[in-house]
Each structure stands twice: as C-alpha cells, then as structure tokens.
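Two complexes follow with chain A in common, the first pairing it with chain B and the second with chain C.
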Partner chain A sequence: MTDSKYDEIMQLLCDRLSSLTNTHIEITPETNLISQLSIDSIKLLNLIMEVEDAFDISIPINALADVQTVRELVDLIYKIKTTAK
Partner chain B sequence: MNLLEKLDAAAAARKALLPDGVGAFGIPIEEVYSATEARIGDRRVLLLGTNNYLGLTFAPECISAAHAAIDREGTGTTGSRMANGSYHGHRALEREFAEFYHCTSGIVFTTGYQANLGTISGLVGSGDTVLIDSDSHASIYDGCILSGADIVRFKHNDVADLEKRLRRLGDRVETTLVIAEGIYSMLGDQAPLADIVRLKKAYQCTLLLDEAHSLGVLGETGQGLVEKTGLLDEVDFITGTFSKSLCSIGGYCVSNHPQLEQLRYVSHPYIFTASPSPATIASTRAALELLRKGGHLRKQLWDNCTQLYERLKQSGYVVGPDPGPVIAAIVDTPQQALMLWRSLLEHNIYVNLILPPAAPEGKSLVRCSVNAAHTPEQMSYVGDVFSKLRDLVN
Partner chain C sequence: MSSTIIELNAPQTQAFDFQPSSELQIKPTPTLNTLVQQLAGFDSLTSALEYAAKGVTGYNFYDARGNLRSVLPYSVLRENARDLARRFMNFDLPRGSRVAIIADTSPEFVELFFACRYAGLVPFAMPIPVNLGSRKIYVQQLKGMLESSEASIALSNLDYIEFLNEASKETISLKWSGTPGDLKQLPVRDVDLEYNHADETAYLQFTSGSTRSPRGVVITERALMCNLQGIVRNGLEITPQDRSASWLPFYHDMGLVGLVLAPMVTQISVDYLATRDFAIRPLQWLRLISRNRCTVAFSQPFGLKLCSMRVRESDLKELDLSCWRAAGIGAEMIRPETLRAFAEKFATAGFSESAFLPCYGLAESTLAVTFSRIGEGCKSIQIDSKTLIDKKMAVRLQADGRKQSEFVNCGQPLPGHTVKIISDDGQQLPELMVGSVLVQGDSVMLGYFNNPEETNKALKSGNWLDTGDIGFLFNGDLYVTGRRTDVIIVNGRNIRAQDIEELAEQQPEVRSREASAFGVTDEEGSTTIVLVIECRLTSVVERQTLITRLQQLVYMAFGVNCIVELVPPHTLPRTSSGKLSRFAAKQGYIQRMGLGEQLSLAESGDR
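This part shows the complex of A and B:
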C-alpha cells in the first residue's frame, strides 16, 4: 500500500502526533501509540475527531480496540477512506 | 508486565497526581448530620459535593416510606425481576414515572448506570451507530461499548459538529441513536436540545436524552430539560437516575415507543441483576411525589445556584457557561485544583476534585454541587471563602 492517499494519511498523522506528544521520539509506522507516545485514551479520541474532519469520514471509536501502532491506525483510516462512498 | 504489575503502574500514576496520601477520592465521611452537613475526620463540614439537588436525603416522607417497606417486604428482593418477579412497588414506580412524563412506557433499573447500559445496549447493536457528545458520562460510553454499535463522538454541545457527523453517516442515520444529557455533570452546562431535535427530525434518527442531573432541577414540575424547552414529545427515550434529586439508588427509562417494553427481554443490565430493594423503591416513590410538587424547592435551589455562580464569577474564577446546581471552578493544573480543594476543606467546605482525564480539555475542576437545603448564609460563607482563596489558582 504505497498510494498517495496512504502516504497523505501517514504524514498527517505523524505531524499531529508529534505536536500532541511533545516528545523527542522519532515517530515511525511501528511506534506504539500508548507505550511509546503515552497517548491517553482521551487524546486519541480527540485526534480521531480531527482525522474524521480532515478526511470527511466516520471512524467508529470501537474500531480502535485493535490499534496499537501508528501503522495500524493509518491502515484503519485508509480502509475507511477508500471504502467510503 | 503481569496483571498485578499493571495495577501497580496505574496506582503509581495516581499517586503522582495526588501526593502524600491526599484522600480526595472516596474521602471517609464519618457521620451525616443533614442534607448539608457531615463530619469528615474531626471537622464538621458543609456538604457542597453531593448531588442532593432538592435536599431530600432526610425528607420524613421518604424515610417513613422506606421504613414501612422494610417492615412489610423485608430488606431485599434477592433476585432479578425476570426470575424472581416484579413487586407491586416496581410496577407502581414504573407507572408513576411514565405518567410523570406523559409517556406510555417506563422501565426501572437497579442503578442509573444500568439504566444507560440497559437502554443503549437494548436499542442499538452491531451494525447500528451511536452518535454521542464527547463529554458523555461513563455510563453512556459503557452502554455504547456493551451494545457493539459503532461509536462516533461529536464535539461537546456543538450542533454544527453533530450535523457534520450525521451527514457523513449517509443512509446509516436510519439506525443511528443520538445521545445527549440535560445537564452535563462536569461543567453544569445544558444540551442545545432545540437544535438537536431539529437535526433529529431532519435526519430521521432516534434521540435519547439522559436527564440524570436535570431531573427535579429544570422545568415547572421537574421533568428536566425536556420540560424547560417544551420538547418532551420530540425526544424518543429519556433516561435518568434516582441517585441525585430523588436521593436513593436506581434509574429509569421512559418513552412513548411501545417497543421499550421489549428491553425487558433483551437487555442484560435489566435482566441479570437484582431488582431494587423495597425500601429503595418506596423512598423513591415518595421522593418523586415531593419532586413533582417541589416548585418551592426548585426556586430555593436556583436562588442558591445563581448566588454562588455569580459570586465565583465576580471573584475572578473561570466557571462553566451556564449557572446551575453544578458549578465548576475551572483551573489549569491538577496542583492548583488540589490546593484549592484542600484549602476549602480546611475551611470546612467539602467539594469535588476532578482531575484529567475526567475533566474536559486537560483542565482540572473544583466542582460544587448546590442544593435546595443550603441556606443563603451557607452560600455566602462559601462565596467568601472562594473569594479569599482566589490567588491560589492564578
């Protein structure tokens, strides 16, 4: 999956995550949102609302149960974006 | 990390927020003197952190009704409505709630938490959608999770944001439940119900309103925000609790949709739990009667709310957008909130301390709950102390 939409989502997410966390950890697709970036559940939920607006999609928060890494989050958003009408 | 080590890590995070064993959460209350006073340690404190909005915890009518029910029917029902039967009181209270809201159906649950869990998980399921306010109470979040429906949040009290999210759902709005609260428990602000109803009609979804904090508080007869706004007929399902203005334990859902009755057969939080005890039901019925006739209590309550809200504002505190029985001083850091909370206790005033992530937007809250039994003198004492402590939260 290297189409431009995927890359765009990855870029947006990495940008938002680095401004949310103020850490010096380099954010890669494998970075763990909770254990490495200490993103708490409320921050993650608010981030999801921003992403919904950025891509004009609905991301049910229950779908986040299986998401641990940045890549998994991007995969989820990509899947929703590309299957949305 | 094993399971116990995970709990240790959570405990360490909590202790980092609350140094040297401050018992801000679950503070021991040694004796309760009245609806407004109790003993904490060796202090006689003014209770400003309860949800006793109408001040009915010691109403003689409720106490004697509870005594009589214990004498007549014993201390507990020892089982669920489904398996062990519905007592006369359960059915009577359901009729009384339905009648109070001019609705055809009413169901009583064992707690307010379960009223939301049971109603939401009974109404929606996998493949359906719930659209909830981002400041929703945990019982709403948990009900949504239990239901298996897709959960989408909208920005707190933001109608344009809600509309955007409804639009994105497309055809799925038909099986979408929108959930809001009459009064929000953190900042005490009210839902923009007229606008939400307008969207509900435009998009033809279903609307549930939780009146937990607004029951007894808003509207001529105390129905809540539905009565204050004249929108009772536009809300599909109303839930609420007995644990605040009714001063007992339990919850309810009322509706004009006959399908509500089906919840008794599908909703686990209704089926698989013991029914409310006879004393609980009896005191709740007595309290509901007092609540309906309690125009004078609501007036006293609102006089107190306005007095304290204005006083805090004048003293330079940042408070929620609407005056009401929940008045939160919003401060920037947990340390400031803790200092203010502690100093209030040293002045014999007990309020609630709310830290992130429970408080919205990373802020911390020192939250007061005003009730109808507070005297104007008590309110001005509280106002004086807050004013004196203002510099703690600069």
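This part shows the complex of A and C:
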C-alpha cells in the first residue's frame, strides 16, 4: 500500500515526532509511541493538532485506542485522508 | 423593550468567522428566555425539564472548528426524551434498573439520560476512550462498570459501539445493548410516564476507572435537587442574563451536574464543545465564551493551564472575555499560580480576575460542597510551611527566611451542609488545625452501589462523608491542603494508587503487596506518578523489560507517564498488620532520590 502520499505522511510524522520528543533514538515505523517515545497526553494533543492542520483531517478519538506504533498512526491518517475525499 | 437586547445578545452561529460553507442555517438557542426564570427548587429532574420546556432556551453543540452542529432546545429535549422513554418501556424493566450510556458530548446522550428518568430507570455515564493504545483496558473498564451496576441496558453511539459490544459479552445482567438509532427502531409503548419520587435514585456516578473495583456513587433525586439549588442560588447567583459554555466531559460530575443539569434547572442556554476538541484547541472554548457572551464557565485548573500554554498572543485580540462573570474552578487542588498565570495572560482580552470562583466538591456529595463568594475572585493565605508539617497547624507567621505555603480559600458550605475537620483518631479539630475533611448534608450520596465495604469506609456515623481530602477551616472557610495518599491527581485526572498497584501485581514478576504507587509533586505543581516495586530479577535486560512494560501499561490505562523504581525485597515499609504504607514508601523514595528540598509542601497534610 506504499504510495507517495503514504510516504509523505510517514516522513512528516517522523520529523514532527523527533522534534516533539527531543529524542536521539531513530524513529522508524515500528517505534512504539508509548514505551519508546513517552508521548504524554500534552504531547499527544500537540501532535494531533499538527497532524490535523497539516493534512486537513479530523482524527476520531475512538481510533486512537488501537494505535501504539508510528506505523499504526500513519495507517490511520492515511485511511482518514484517502476516505475523506 | 427587549427586541434590541435580544439582538445584541443573540449568540453567533459560528464561534469564529472562518468557513461559512455549511448551508445549514441553524441558530443557537437565545440567552434571554420567554419564560419566567425559576432557580431550581423542583422536586425531580423531570419536573424541572417539564418547566424548562415551556421556554426557548436549551443546549447547543459546536464542532472542533467552532461551527454550530446541533441545537437541542429544552422543549425538543422533553419531546425526544419522552418518546425514547416509551421505547424503553418495551423492555418491561422494574423501576430503578440501571442503564449504561457511553457519554460523548452529544444531544443523544442528554436525550437518553432524561429518557431514563421519564421511564423510571437509573442512567449512568460511561467514559469515552482517550488514551493511545487503550482498547483492551478501556473495554475492561466498561465491563467493570456494567457488572458493578448490574446494568440492564447499555447504549453507545456508532463511534464506540464496537467497544461496548466487546464489553457486553458475558455480562449476565444485560438484556439489550445498541445505539440510539437501534432504540428508535423499537415501537413507542402507549403508557403514562410515572412521576418520580424524591427518594428514588436519579443516577449513578462512577468515580474511578478501576477495572477491578469500580465505585458507582448513588445519588437520589432529593440529593440532586438539594445540591443544584445550592449551586445555582448560593454558589452562582444565576440570573436570566446568564449563559454557560462548557468543554467538561458529560461523564464527570462537574460536567454533568454542573454544566448540564444546573443550567437546565435554571432554564439557561449552554454552548458545548467536546472535551477532545477543547484539549486540542483550547482557544475554541474562549472563542465560544467571547462570541456568545457567556457568563458562567467552569474548568479544572488543568484546563486553565492548557489555555495559558497553548493560546497564542496573536489570538488574544479577537477575544472579549469581559462577559465572563463566574469562572468556576474545581475538581482538583487549586494552585494560585495557575490562576494568576491565566489572569495575566487573558487580562488584555478583558478577563477579570474577580471572576475566579474557587469551589470544592466531589461526586460523593453530588457535586458541590463549598463555594467562595461570587465576584470576589480567588483569595488565598500564606501559611508557615514548617509548622504545617511538624504540628499540622496552619500558622500565619511572617518571618524572614521561613518558607511559606499558599492555600486557596474554597469558601463556605452550601446552606444545609456542614464541613468539619477531624484528626487521625476521629476527634473534631478547631479552626486552623489540619486534618481530614468531612461533609454532612442532604447532598451526600446514599453510598456506593452494591458495595457496602467501600460505603462503610466513606460514610462515617451520623452520615458524615469522609472526602479523602486534607485541609483546615479558617473563619468558616475551607482550605484544602492535599489529598490522602490513596488518590493521585495528574493533569486533572484522578487516579487511584490502588489501581496502579493492581496493574503492577498482575505481572508475573511482581508479587502481591510488593508494589507501592504514589504521586510526587514538584515546585511548579506538576505531579509525577512513582511506582516502587520490590523485585527479585537480577538480569539487567529483564529488569529493563519489566520497567518498560509497566510504564506502557500505566500509560495505556491512565494516559500518564510514570517513574518505575525497582528495589530489593523488604525495602518497602509496612504497617504492623503487614500492609504497605504508601506515605512511608513515598518518604523512602524522596530520601533515596535526595528530593526533599525540591518538593512542594502542598501535600504536607498527608498521613
């Protein structure tokens, strides 16, 4: 399912995550947002706001319950972005 | 006279100008009503709604972009609730049967809540999932509430129905679950809706997300009517010009009782923003207040902090908050710095410090216990820190070089209610002595549903409710200095220490009674959860794996980060009966970390 839009989302998300979490570990699709990046509730809100603004989407809160890794978050954004149109 | 006034007061369809693309021309309910205002004093929720339905005011729901999505005047709410009540009659349930509703900020939730009361059923609100990766734990939470309440019916809108269906499996008491749409498929039974009595249970309020032992507070119509009357007449002095705005979740007591039920029993209009939308863009709440000229809006201190942190200077010039006369603050320890920072930031937007209205309450006393005096702002006093810790006494000593702690005046109890402070051995203490805060009065709960053990712990003889908070009285005003160590408050969420310890003890590496959880608060007032585990693992890798897993579990269950410390067996202090002492565990941790000096003294009333 890799197409250019998917890669673009992945790239943006990895960039945002590394500046948001100020971490030196390399962020990959398998990076766990909770255990490896310690995304707390405030950082999560910031991230959602940036993602929503960047892609002009609305992320439903119920969908986040199934998100633990960077890849899962990218999948979710991609799905919302491609079905919204 | 009033057509110009109505014009001027007419709330805006959009909370801000951008995007008028929606063709729907819906208008929010007006601020000024056509009906003579009655300030509570009804004998039940449904009789209050019967009255409010004669006017033109009601509830308004806005989306994340500030557009008005739906309008629910009290008149329509009454119609819809009565219609749904007659559909509930198809289940032939005994009066008082429990109905679980996942409470997102929507008109459907409010309609179902009132439908239950018209049908003589007892509704309760269940939370929505808010944390990353929380599915499993969220479903367990729902299941815990369904079982503890012995719910007969459970409802959720489409967004959450999957979680509800998963939780409903094997819940024996449950006769039916579905969406509001499913309920509307059922026929309308042609029956008379019975009158509700004051002694009937109005609703249950769950106070903890615990998976093993959720506690449902039982609130009668009498307690609810009593508390609402105190809130609107004495606490807020509501007038016909008032209008509310709220982002507080409907599954919290402050959101439900304070900002759904209290406006209805005074027939004023409310503008709602979903909690998630507020949390992501707090500016939207302030825009609603500004554009719709709202006068009453409550928040936890954490919500104010979010506004101070996330609203940009450039956004301030479009705001006019001078209409906001009652900025109620409650639901967690209030730190004067948080209020000062907010007032400073929003002064240029017309916010007046005198609007701050600190109050104190808890779900076990319906909602409110004390209110400070309206229009006077936040008052606080400076107390000598050392005397507070050593002698549990609040002394206003002003001497150079001595550390001071500042505490907020939460005001006096509502009429008909009494607050007293007792010592560890149960003796009533005089003013300025620090001890447990107890409340007595008609707003106090009947108990926890089906849970005599927890009920007996909370309700002392003479029906005195032990609030679990620590504080003192001065000139009859309540000052809260901290919580006992069984509840940790992080970013506005109440987390029971026991729930965190239970999570840890479910791990194969952790034995029961070898985990202790508590909160450590730094000078800025932010609290971190610390989990100390007695651990026999020697491999560095295994130890790190356990730490990571525990942090992840705590995050998924409670949405907060925590520090996990592994210590050798027999490190954690125990009481004579072998129970772990969280207070002593915390002291030990503070010593090991050399944190003594840095810690805030706000919790010095701990025991």
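The rule is short, and it goes like this: the second predicted complex is superposed on the first by the 85 of 85 C-alpha atoms of A that agree within 3 Å, B and C clash if a C-alpha of one lies under 4 Å from a C-alpha of the other, contacts with A are read in each partner's own complex, and residues count from 1 in each chain.
Basically, a residue touches a chain if its C-beta (ideal position, glycine included) is under 8 Å from a C-beta of that chain, and two chains touch if they have at least 3 such contacts.
All values reported here derive from a predicted model rather than from experimental measurement.
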For A:54, select first, second, both or neither according to whether it touches chain B, chain C, the two together, or no partner.
neither
Quick one: is A:68 in contact with chain B, with chain C, with both, or with neither? Answer first, second, both or neither.
second
Have a look at where A:80 lands relative to chain B and chain C in the superposition and call it first, second, both or neither.
neither
Applying the document's definition of touch, where does A:44 land relative to chain B and chain C: first, second, both, or neither?
second
Check the residue A:34 against both partner chains and state whether it touches chain B (first), chain C (second), both, or neither.
second
Looking at the overlay, what does A:20 touch: chain B (first), chain C (second), both, or neither?
neither
Which chain, chain B or chain C, is in touch with more residues of chain A?
C
Show which residues of chain A both chain B and chain C reach, each in its own complex.
40-42, 45, 48-49, 52, 58, 60-62
Which chain A residues qualify as touching chain B in the complex?
40-42, 45-46, 48-49, 52-53, 56-63, 85
If we count contacts the way the header does, which residues on chain A are in touch with chain C in the complex?
32-35, 38-42, 44-45, 48-49, 52, 58, 60-62, 64-68
Where on chain C is chain A touching in the complex?
64, 128-135, 138, 159-160, 163, 276, 279-281, 309, 491, 548-549, 551-552, 555-556, 559-561
For chain B, which residues are in contact with chain A within the complex?
129, 134, 144-145, 148-153, 155, 164-165, 168-170, 356-357
